[in-house]
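After this come two complexes, each holding subunit A, first together with subunit B and then together with subunit C.
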Partner chain A sequence: MTKEKRQTEPFVHVTRRADMNKWVKLAIRLGAVLLSFLIILIVASAITGDGLGLTVKYIFDGNFATGFNTEEMFKNVMFLLGIAVALAPAFKLRFWNVGAQGQVLFGALCASILAFYIGDKIPNALLLIMMLIVAVVGGALWALIPAVFKVKTGANETLFTLMMNYIAIQLVACFIDLWKGKNSALPNFNIHGIDSIFGLKYGITYLIVPLIAVIVFVYLAKTKQGYEIAVVGESMNTAKYAGINTSKVILRTIAISGAVCGLIGFLYVGNLCRLSNTADGGYGFTAIIVTWASQFNPIAMAAIAFGIVFFEGGAGGIVDKHSNILNAYFSYIIVAIFLFLLIGCEFFINYRINFSEKVKEFFKKIFAKKKKTQAETEEETARPAEDITDDKLVEELPDDSPDEGVPPADPPQNGEANKEVE
Partner chain B sequence: MDINQTQITPDSEEAAGIEVPAVKFVGVTKVFGSIIANSDVTMDLRRGEILALLGENGSGKTTLMNMLGGIYYPDSGHIEVDGKEVAIRSPRDSFDLGIGMIHQHFKLIDVFSAIENIALCSPRGEKYSLKATEAKVKEICDKYGFEVNPKQKVYDMSVSEKQTLEIVKVLYRGADILILDEPTAVLTPQEADRLFDVIRNMRNDGKSIIIITHKLHEVLDISDRVTILRKGKYIGTVETKDATELSLTEMMVGDKVELNIARSEPQNVSECVRIEHLTCLNKYGVKALDDVSFTVNNGEILGIAGIAGSGQKELLEAVAGLQKVETGSIVYTDRETGEEHQLVGKNPRQIRDLGVALAFVPEDRLGMGLVGSMGMTGNMLLRSYDKGGHIFTETKEPRRLAEEVKEELGVLTPGIETPVRKLSGGNVQKVLVGREIANAPKVLMTAYAVRGLDINTSYIIYNLLEKEKRQGVAVVYVGEDLDVLLALSDRILVLCGGQISGIVDARTATKQEVGALMTRFKVSREEPAESDVAEDKEAGND
Partner chain C sequence: MLESLTSWIVGAVIFGTVIMFGALGEILTEKAGHLNLGVPGLMFIGGFASWAVAFLYESGTDEPSKFLMILLPLLAGFGAAAVAGLLYAFFVTTLRANQNVTGLALTRLGVGIGSFGGMYVLVKSGKSFGKAVNTYDVFAENLHSMFDFPEGSVVEAISRMLLSYGFMVYLAIICAVLIHLFLSKTRPGLNLRSVGENPATADAAGVNVAKYKYLATVVGAGVSGLGGTFYILVFCNGGWSTNNNMEALGWLAVALVIFATWRPLNTIWGSYLFAMLFWAYAYLPGVIGLKVSTPVNDLLQMLPYVVTIVVLIITSTRRNRDNQAPASLGLSYFREDR
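After this line comes the complex of A and B, so read on.
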């Protein structure tokens, strides 16, 4: 019956890969980051007309030019990381909590209410501790609302948590309006705020956020409750089979997720002594990507948070020098390029691209023409990690780089990756 | 029933003698991995006949039809339609050949109305016009006696109405050859009768119809000819008028195959689980188990036979504490202490906390028994993760256990931390069974423990069950292969439509006897066109 089968093989087809070596994975991801930096430089330079070197300088200036810049940058990294950490337990549970923004804001609001009404009546240390507690509890309660509905009625948590964001934003706006009175500025609270330590304004934040990150990851990876979260996230039926009380696990986990968001809200109010309805720094949503892209790895999470904030700051640096042609939205373009490549490279990790024999021959011909003199033996002993990255480049931009390295259709790991996955 | 087979449609240009079959399978083979779904099947469907395709679960009926429907492509062999060899590469090709398949799971869009769903399937090139579609649909309905409300949304429809819509849909597309995959499984007896009426109308209009079923009385009631498949192989075709339930059962189950299972005589048999008047509802609120009473004994393998969906799943899950019990009791007696525990109303953890050593290998291995994204170690933890007083999980013991299971059952895995999802079906099952046996159970329940496994792995599982039995464990083996059930079990309980249709001694029973109990229960005491699922209607009939 072969005669009835498809006559022509498609030029390219995509198949799922078996497990890839973790170093190769890392290399691909790092390659994607470098490539994104390169593209960002090219795009930014093309728009501004600056040289590449100058653009690099502006990007670093945006982050490190002054102590203020550097401080802001690391504060932002911590906030983004903190929210991403907060989302990790929820996502591990496959509870699509997109309400981090609301949970942060509500936590911040709870802390602010204390600061505004009794800020000057009780000792500062006591006040801060009370603010911390109410913010954490507030964030947890705000997150619990959709969780309770999810458990009781099966309400869709994604829509629910999303809508809760807007309620929180308006609620905060309402209080700001109430508090600012005749002034048009945002209300500043008459409190001392969190002390700086080690001469760093946000020193406490630098301590708390990584600490929480470590605690959350130990919790997820090593504890019984973390195990329950993983099982429930994977399959409700399996969880029931194992005798896990799924409702309890959902409520508990989402409360933890919300509590960490509330903590971030407290850090905002505690550090800045004011409330704004952008207290989450717009990171409530960005954090979703950070959590996902890191695949629950805390170091990756910190690295990605840093990357996003770095490029944001860098874009700010470029905009500063070209405010006549650029505005704040420029940073969205820059961060988008970074995220696009970072997430896009997962495709090459999960799938392999198979070229048909025809295409392979075509590439081989070109390769043979251009590199007649080079011996084949050289590529056989080639370095696996970089090869994959090169291949990826070639596969992505097949037109401009056939002569860059080994033939693209023939990545290393060949035999291993072809294993059948059931 | 009318048995006018070899009816030639009036418009057929063939002379009566040299009739060209509407569809002919020639040596069709389809293999999935190591599983042979169809092996060298040659059969035909005549014009203007109703052909019943009969076979047990897993006999390859649906796979064969899916090749006609364009869902699968034969690995070897070919299909002829109207005498011409054709290549059906997609459902679209199938439609173009005038073949319409009505799947068990309806392919309808819930938020669309009936007419919108049909218009969605308009033949290529036709203008989208709800009005024109409606007129044509009305014509079809009048012709064959369907009742379709064109404005009704699918989500408002009953199962029977959805099915009607599916049939009208394929007729609208101009199908001459209709395949119905177990159409009565979801219908009440009255609805099934109505369906049979329209099927006959369609046949009389010259359509060729294949109906997949494993209900003998329906076969006898509606079909002109019966084709029997067994374990993927074509067994034969008979004229319905010459067939009896007994002859069909014999063809369906086949001769006894001797299996090399060393069955021991039960030792120290005593009562372990006593189930009395157990009634459970399935997720649709229909009785899945109806007043079931039996005992499971220590040191014995109780086989449970039955057509899929006769209540096996609910029965095991009720004992495991996963299925809500409406009425009845499940009492467990500890063979060492003599303590009795009522299991009804307890969840799996409460049952475990009572000290009831109950192991359960569910049918859905990765969806219920295991956590696919975790390695063997993580899965070994599933039943015991909450042991010990501290908050951290203990991984040393499960890791040791994982190594042990890997070693003893020969699990092929790159490492014990490789996600079990990535293992093959047989290895997944070994992990699951290995874990369940490792906990030194006193009751071991398995659902379709060897489904999809190759022969060697199957024997590993059989021998494990046999070993557990010899250690005094009460083993429950839900299976679909009668040869295995007869060779492995001590007693066989046969379920039919949620009721026990018989408990037989596996050493003396014949395959025909068990096969008949699986299918005949209802027929022997009720009207022929009775359906299995319709417990609610049945109550009305009594």
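After this line comes the complex of A and C, so read on.
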């Protein structure tokens, strides 16, 4: 009994690979995106009862039907990309900063405090610059709190930064309640926000976010500090032996990460002249997936951010047409499908799947049967299909390289395999 | 004062039970080395499935049976969340995807399915009001209402604090004890802990790592899902609403795991304490007889998170080996990487 058990070989055997052609990688990822689009179409159509074509139309309408939709989409891409860029240095360090939401909110709060108290007392341009500075510093400080404890005591940063989000949310709520007084909602600050340029309301944002993205990626890829981040991220011990001050690198990098988050917070307050608990646009968590899935490739990062916002807008388009049965949370499902496929496809890039001989035989058998039904010749019906596979099996046998872990004594196994075929 | 203190404790026990279920499931999952950040999503899915089943069952039958009204929502909540947990387990165990990322995606999926599904079921059933009234009555049945203590007496207060809850409150405590016994007294429990601490060693010792990871994650997800069941059917009086704070509750459950230092028994008092902190802003002013302004209220609502951070820092400084997270928490295991 036990002997028999030991000889069963797993059907699939997975090995790590690092040799994949970059075009194949790209093809796999694009395939995942296409597959997710297909699944989303099927799910959405099944729920709404529309045809596939109509659903496609709604998805595009949701993003491009009006100038407002399109602008909204590109603004969202920028905010999502901005936060994802902010997280890149931290993740390269393998520091799981899931506190982007809190860092953006705290940056926005710092800028708002300036706008609220001295907004009408100093020149507008000076005010905006000061708001920018305090937001960046605020975001950096907020991120530094968990980083300091990570360095000093080794406190788990994932959970620490997660908790910091909620503290920031409550802080913002506190100030909003303090400022709004008897009003039902917080009125806009009495300031002149960031000017629109090129006739675009978020013109400055379109300039700043890509610029920051380029700076951060050059910093990560081309500078000594960026290299230090990579070393510390790969192996803390290697970094220590190489004489890198790991604590310093961690604190510096997390401060940068938080500072960029703070900048995004400033862009929110500066553009809209108000403060809200959703200043991160709900992208604090989504950005984590964007950063991770992009593997620090800036173009991939922009593409994934675009994909998420596109599907979100598309879901919005579908919801608009069916507001009697759908609500805004429908987009969560749509985006989650996209994210899961994006996460799952990495497996096929990093690992090679080797099917065991048994499975190969099984497929061959099916394949042979298919051939048979396709051909449907007299000769073949005279000769049963089992014989064909049996012959093939015998031919295959000499090539059979025994897998690791399986005892070299093969004969009983082969006998078993033959029995199964018969 | 006694009155508001009693209400505070009673409210905290009910609210705490939601977090306790979530945290117990997460402890099982983390013991296998999986940091599942999908707890909010699991609770949403569990809550939605239970509510949908309860609502459809009682509005579809003239005389709903009490037994089925208890069994169906529990099975649905546990089962639906377990299926979602299976998705997570497949991604992180078989596909070796990053745990944080997969968990966050699962949260998103769960919140989506729950919030969207609730409305969808309501619309499809043609009703504008989605309360599973009879199921709530069954879930809220308690011993306290059978006694007739004089209003305001100490005996009445004690009876309320101990006996005024539906069966799920006690079920949560039983779950905590059972999981504790499983982890500390049984062979499979020991194996599970070894998988979370050092999967390579467990593998070498003949433990089927993948099997344990799958089972712990799926069962853990189901237990977390029961938190959602309790939230909708008891805390929300059996009524569905999209505007609820279940997501924040899910994160509180993740926080409670740290607070309880990965020990199931600690979640019993930890969850009630968390809930008392969470509701401090609503009850504390009444207890100490002060009026508190809204901004201060907002600050008071930070308490559970601040306490979690303090606990996180204290456990990390003490470096007591008994109070640490499982050593391989958050890492994928791949046999050939050894």
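The definition used in the following text is that the second predicted complex is superposed on the first by the 344 of 422 C-alpha atoms of A that agree within 3 Å, B and C clash if a C-alpha of one lies under 4 Å from a C-alpha of the other, contacts with A are read in each partner's own complex, and residues count from 1 in each chain.
We adopt the following convention: a contact is a pair of C-beta atoms (placed from the backbone, for glycine too) under 8 Å apart; a residue touches a chain by one contact, two chains touch by 3 or more.
What you see is a predicted model; the values in this text were computed from it and never measured.
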Inset, instruction - Identify the partner contact of A:178: answer first if only subunit B is touched, second if only subunit C is, both if each is, neither if none is. - result: second
Inset, instruction - Could you tell me if A:366 is touching subunit B, subunit C, both of them or neither one (first, second, both, neither)? - result: neither
Inset, instruction - Look at A:230 in the shared chain and tell me whether it touches subunit B only, subunit C only, both, or neither; answer first, second, both or neither. - result: first
Inset, instruction - May I ask you to decide whether A:243 touches subunit B, subunit C, both, or neither, giving the answer as first, second, both or neither? - result: first
Inset, instruction - Scan A:155 for contacts with subunit B and subunit C and give back first, second, both or neither. - result: second
Inset, instruction - Kindly classify A:166 by the partners it touches after superposition: subunit B alone (first), subunit C alone (second), both, or neither? - result: second
Legend entry - Residue contacts with subunit A in the superposition, subunit B compared against subunit C: C
Inset, instruction - Considering only the touch criterion stated at the top, classify A:326 as touching first (subunit B), second (subunit C), both, or neither. - result: second
Legend entry - Contacts of A:26 with subunit B and subunit C, given as first, second, both or neither: neither
Inset, instruction - Report, in rising order, the residues of subunit A that make contact with subunit B in one complex and with subunit C in the other. - result: none
Legend entry - Contact set on subunit A toward subunit C in their complex: 14-16, 47, 96, 98, 149, 153-156, 158-160, 162-164, 166-167, 170-171, 173-175, 177-178, 285-286, 288-289, 292-293, 324-327, 329-337, 339-340, 343-344, 346-347, 350-351
Legend entry - Of subunit A, residues touching subunit B in the complex: 1, 4-6, 18-19, 222-228, 230-231, 234-235, 237-238, 240-245, 421-422
Inset, instruction - Would you pull the subunit C residues touching subunit A in the complex into a rising list? - result: 35, 37, 87, 91, 95-98, 100-102, 104-109, 111-116, 119-120, 123-124, 242, 248, 251, 254-255, 258, 294-299, 301-302, 305-306, 308-309, 312-313, 316-317, 325, 330, 334, 336-337
Inset, instruction - Would you pull the subunit B residues touching subunit A in the complex into a rising list? - result: 33, 74, 76-78, 85, 87, 89, 320-322, 347-352, 360, 362, 364, 366-374, 378, 381-383, 385-386, 391-393, 414, 418, 422-425
